[in-house]
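Look at the two complexes coming up: chain A is in both, with chain B in one and chain C in the other.
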Partner chain A sequence: MNTSALRLVQLQNPLGNLLSPALASQIHTSSPLCRVVSGKYRITKKRDRPLTYEMANPPHYIAHRKSWNSWNTSNLKDGLRRSETAVEDEFIRRFMTGTWHGLVCSEVIIKRQFNHIRVAAIIRRAVSPTKMYFLLGYTEELLANWLQCPVTLEIQTVDSFQDVVFKYI
Partner chain B sequence: MYSNINLPRQWSRLSYIYRTLTTLEGQTLPQSTKSSDGISPPPRIPRGPTDILQALAATVGPDPTAAHYKYHDDPYLIPLSNFRKRSYALSAEAGRKAAAWIRDEHAELFNTREWDPPGKMKTPYFNADPHIDAFAPKPLYNDESKVTEEDLKYTINNALLEDSLKIFQLLGGTSGVNEELRIAFLQLLCFYNEKEPDSMEWLEERWFSANIRERQAATWKLGGLADKIFESLEPKTSEAYCCIIQGMAKYYQAERAYVLTQEAKDNGIKLSTSVYNSLLGCIGFLKEGTALRTETLKSLLVEMEEQGISPNNETLTSCLRSISAWGGGKMLQQLALQIVAEFKKLGIEPGLSAYYYLLCLFCKERGPRVDILSGILNDLEKRESLEPKEPTDTNFFITAMGVCSDHLQDINLAERLHALLMKDDNYKLVGDAYKESIYYRHFVTVACRHAPFERTTQLLDMLVPNVYVPEPTVMEEIIKTLEVGGAGDRLAQVWSQLVVFGIAKRAKLVERLLSAMCSCYQYQENEVKEKMRAAAADVLRYSQLAEDKEETKDLRSPTQKLSATTLSNIIELCSDTQDKSDPNWDTVSEALQKLRRSEAVGVPNKPQVLADVAQKAATVGKAGIAAVAVTYLAECGFEEAISASTQVLGVMLNRPQEEVKQLLQERQGLDSLHPSALAIADAYHLAKTGAPAQDLDTSTSSESDSESSSEDE
Partner chain C sequence: MSIFIKYYKSGGLNVAFSNKIWRYNSTSADMAINKGEEEEEFRVLDILKKRQRQQRRVNRRADVQPDRADRMPTDQNWGNVWPGPKTFHPSSVPLPLRQGYVPKGQAPPGKKANAELMKIPNFLHLTPPVIKAQCEAIKQFCTEWPKLLNSEEAIENHYPVEIITSDYCHASPSIRNPLARIVTLRVKLSTLKLDQHARDKFIRLVGERYDPETDLVTITADRCPIRKQNQDYVNYLLTACYHESWNFEEWEREKMEEDMEYYNWDKNPSKRSLVNWYLKTQNQSKELSDEEYSNYDVSQIPNGEEYKVAVSSYMNDGESEGTVEKYGEAVRKLLGLPQKKVVS
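And then the complex of A and B:
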């Protein structure tokens, strides 16, 4: 990553100073751990750490075996609101796991289309449907008010966490 | 690779500029339809912001195979009974309300645009960009709030009655508010009679709110704030008179309304059409007797003409509303038709409300059959669209379907009406949840009674359970239809539907279902028969579960017990097997035990069934079951007990009937018999003489023996 960014700067330089100030900040100085550690799970001694399908596939399988957790156009080239989107997504994830306490069995998937945010998750059937509907309405309304745009929850339910376990490591 | 990126970007920018230029030019072009070169583009049609969305929505029809879209599409979250539909939708709305409460209470936390750096904040209060009213915290008012006339304007425009009352007081009452705002406030008070209306924001609450029929009584608050504000207005304009008279007439304070009308007329103040409409609507509260009322109605209409006030659609509706409230009779019906004809001459077509009142007037429950509905439908079907204009418009479809079902009993008319309701987006005229369910209750009832069987089942498949969940009375109607149609397969399904809909504990309904199953059991195919047996066995299991639950949990309302007829029907269905190892025999024996422990209500209406079962059980080799059945028959004092006991004993001992009879008469050598046979012999004597052959001790022991023997098998 670091080297490619550098090469990019070198290639751009002869063309003029159109993009160089923005690119300067992309040179990483931290040690490159992304390929080795991040997004991967350590094997336990007893081999009893449950992994969902999403967790079982390391990041380099994104778009091959699994898909993205955030769907938006901010991170494309010339995308708008990059940092805002990232922070909002983090807020939504924390809000979901906190509001649906102990019920969320999967990653929270956030899909943005136009001004509409769709939040998908797999939920354990540990509370009655009536309570789930209460939480649904509450989450949608509060997030909509917070993010100033319509928010829809797309919930799927499973009987227990065991149903989403893909393997143990 | 990266070096040549810039060029296409410039190109795209250029083409963008080009495109904007052409569109700018294009916007000015199609103003007129004529042009010199013969090409005439159509004039520009102005579009609203939601027109495209509405056009898109019009392409999607209702989907009866899925739950309503307000419910979440997940097997765990799809409601299947009326109770669940209601509680799920209201729970979701309760969650929304909770969130809105938090937003309003902690408005200071919802104040900035999302994660804007503090430097970018424009105002300390609310910086969302663009500002969306629906997402903004609503202001809260209490006794310490500092309020201005702007606040009063805001609350009046949003129909927040309680808040506006408070602000009005804070502003210093009638003296602290200017004239214009006072009239606006008066209008609000008159419209709602100083009562907070149901919020528009909470759709589900409105949809499910219990059908509170507007009380037809003088509920106007005499000497209330509205009256005081009206007094304070000086000079009293026509606007002020109009709104106070309309308010009084709307809440049936007829006398005061008429006094004020007279006052206004004396002062030469011009009144509006709506004032006369509301006065026409409350004649019944002013005058007694049909003749007097009719006279007043006519004089009011004449007065309108004198004053040069042109009537409108609502005038017709309020006339008919008054007339329909005065009772029935030929004279009133004639009057109503006259009025409708007269208005048609003026070019005013009756709306849905007018038709609703006509139906009320002509189609009385115990009156002669009058078919005005087909004429009404002819008219409505011709119209381009049905626009809701008055709140009573939502009464039309439910009343018309009621007329189809009870008054005319005509399925063709009902289907035409339903087609009209389903056309375009007429479904919004169905009203609320309560009206919708009554509408479908009438529709399904008339279909069950008068439609061909295939059409009925087709209709049921479409409506149940996502659109409509039948109530117990309608379910009975459906069971009757299925019985007549001989659809054993569907009858077996009905049982599972009863469980899902939460009405399986209604003993009467279950009894009806099982007798229907029994009556058409004979001519079903084997596969269907098996399903019906399974359903019957499940009925017993379900009731057992319900009783167990009742014992463990102290429930407030006791569960209804299955009747003896139901049990004997279960026995009849489940005993239809030649296989000794069939698990249905367990069901039979359990049902028999239940009967003997007299846990069922009443006695079976077909004792012959039990006699037949006893014989069948004996043939198969289930002596215990046979013994219990015969004993029960004897204990209940049925005549069938005697013949049954001899027959069963004959089968068990493999001897001809005469010999058995003799054996029983002599009571000799009975002791050496199998305990079950002994029990049957006892039953024989019980039936014959009214007392068991041996003394009580031995009979009980033999009974227990018979039970144990049945378990042994």
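And then the complex of A and C:
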């Protein structure tokens, strides 16, 4: 519905033909609900949904009660490689959660210093240390090969997911 | 005849094995013969497979080492514990840290399993003793500062031309930044060897790049892709402007008083009337040519210099309370009138 409204506007606009598709698509058409709902968790009836500190604070508390998960200079004003950095970060996150399957208890934190990428996460001690060492080297090696820059994995281990639970709602 | 083998052993490990044997027996045994001969033990149908599940649940938790932070001596060298930049790790930092927002009355989350502490960049590798040690280590690569360049004035005197460039450092695999190509050259106009004509021409050539308040000429170049090229271009521009300003073209003679960009008191009727008035007060009547008027030495006239400065600043700096007041004072002095009385 929103897009059709946009098309109508374009038709009425005498300059509509001059607008390139790239320009036109920049008009924000998704519903404004996203501000209210995204990044927030519903309270359950039994009040037994575990939340980490990260999940307990909705997105508008970033820089007030919690900090960013990606630290780099690309998201500053006039930063270089903005889109590349965002895509790479998303790729690292997915690769981490998939490789350390069911073990990652927190958000994956990605910090960049020069061409060095530091990936930090809280990991459950559910697999043997030997396997963990293997996964560590495996992740570092593969990510370093794909991203063509040194990658360091800095993990902290906890006994169980219970350790990172901040509150239940 | 068949043989019954009862295979019992305490412990769950052999349950599967014995089951197998029982199955074997039950299929191979001749039921008719056995009937009534012996009390047969029936297999237990374990629907929920409780035994196996218990067996699977092995507590494999390797005993976790105690924290390194608990065993640290108080007089250790912290630089060896945390040698480089690293994400925060609770077991190697012997500090009772807490971070996080909690409602009033509660304690913030501790350092263990705290993702917030891992996010923020820490400077645990840059403690003052470590910085001191590193500075000591790189001291051998430093050269002494030249003794003659001991003040800002001396530096300005020996190196009048300033080249300003920016280096950018960012968190991405590329070390290039297009903004690094921009080169700015700054030089004080008074340090260039220019006469009045050349100075005037130079200011006209550089246009708005000259700031009369600070006397600085600023030339910026960003048209070439590389810093070296821009730097060469900036130097070329300064050299070209300098030599061009020394050239005197034939058409420059046609410059009239109306073309002057500033008020030159020596060539204006104001001086002529001052000189005429002075000559009259001295009871001299001379006919002077234009050349003689403009070359007339004003310092002969009492308070003449002050009048010249006042009129020039009034015409050049624009009419304001200060310039008008100054002009008034100069005229009173020149004509020997009493000073303006300040009403208190």
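Odds and ends about this structure:
Heads up, the rule we're going with is that the second predicted complex is superposed on the first by the 140 of 169 C-alpha atoms of A that agree within 3 Å, B and C clash if a C-alpha of one lies under 4 Å from a C-alpha of the other, contacts with A are read in each partner's own complex, and residues count from 1 in each chain.
Note that a residue touches a chain if its C-beta (ideal position, glycine included) is under 8 Å from a C-beta of that chain, and two chains touch if they have at least 3 such contacts.
This structure is a prediction, so every number in the text was calculated from the model and none was measured.
Of the two partners chain B and chain C, it is C that touches the larger number of chain A residues. By the touch criterion defined above, A:L135 reaches chain B but does not reach chain C. Judged by the touch definition given at the top, the superposed model places A:T44 against neither chain B nor chain C.
Contacts of A:S160 after superposition: neither chain B nor chain C is touched.
Shared-chain residue A:Q148: touches chain B and chain C both. The intersection of chain A residues touching chain B with those touching chain C, taken from the two complexes, comprises 84, 125, 129, 147-148, 156. Residues of chain C that touch chain A in their complex: 60-62, 64, 85-87, 89-90, 100-101, 109, 112-116, 118-121, 169-175, 177. Residue ranges on chain A touching chain B, taken from their complex, read 8, 11-12, 14-15, 18, 83-84, 87-88, 125, 129-142, 144-148, 153, 155-157.
Of all the residues in chain A, the ones that touch chain C in their complex are 52-54, 57, 61, 64-69, 71-74, 79-81, 84-85, 105-107, 109, 111-115, 118, 120, 122, 125, 128-129, 147-149, 154, 156, 158-159, 163-164, 166. Those residues of chain B that touch chain A in the complex are listed here as 1-3, 6, 72, 74-77, 79, 84, 87-89, 91-96, 98-100, 102-103, 110, 113-115, 128, 132, 135, 137.
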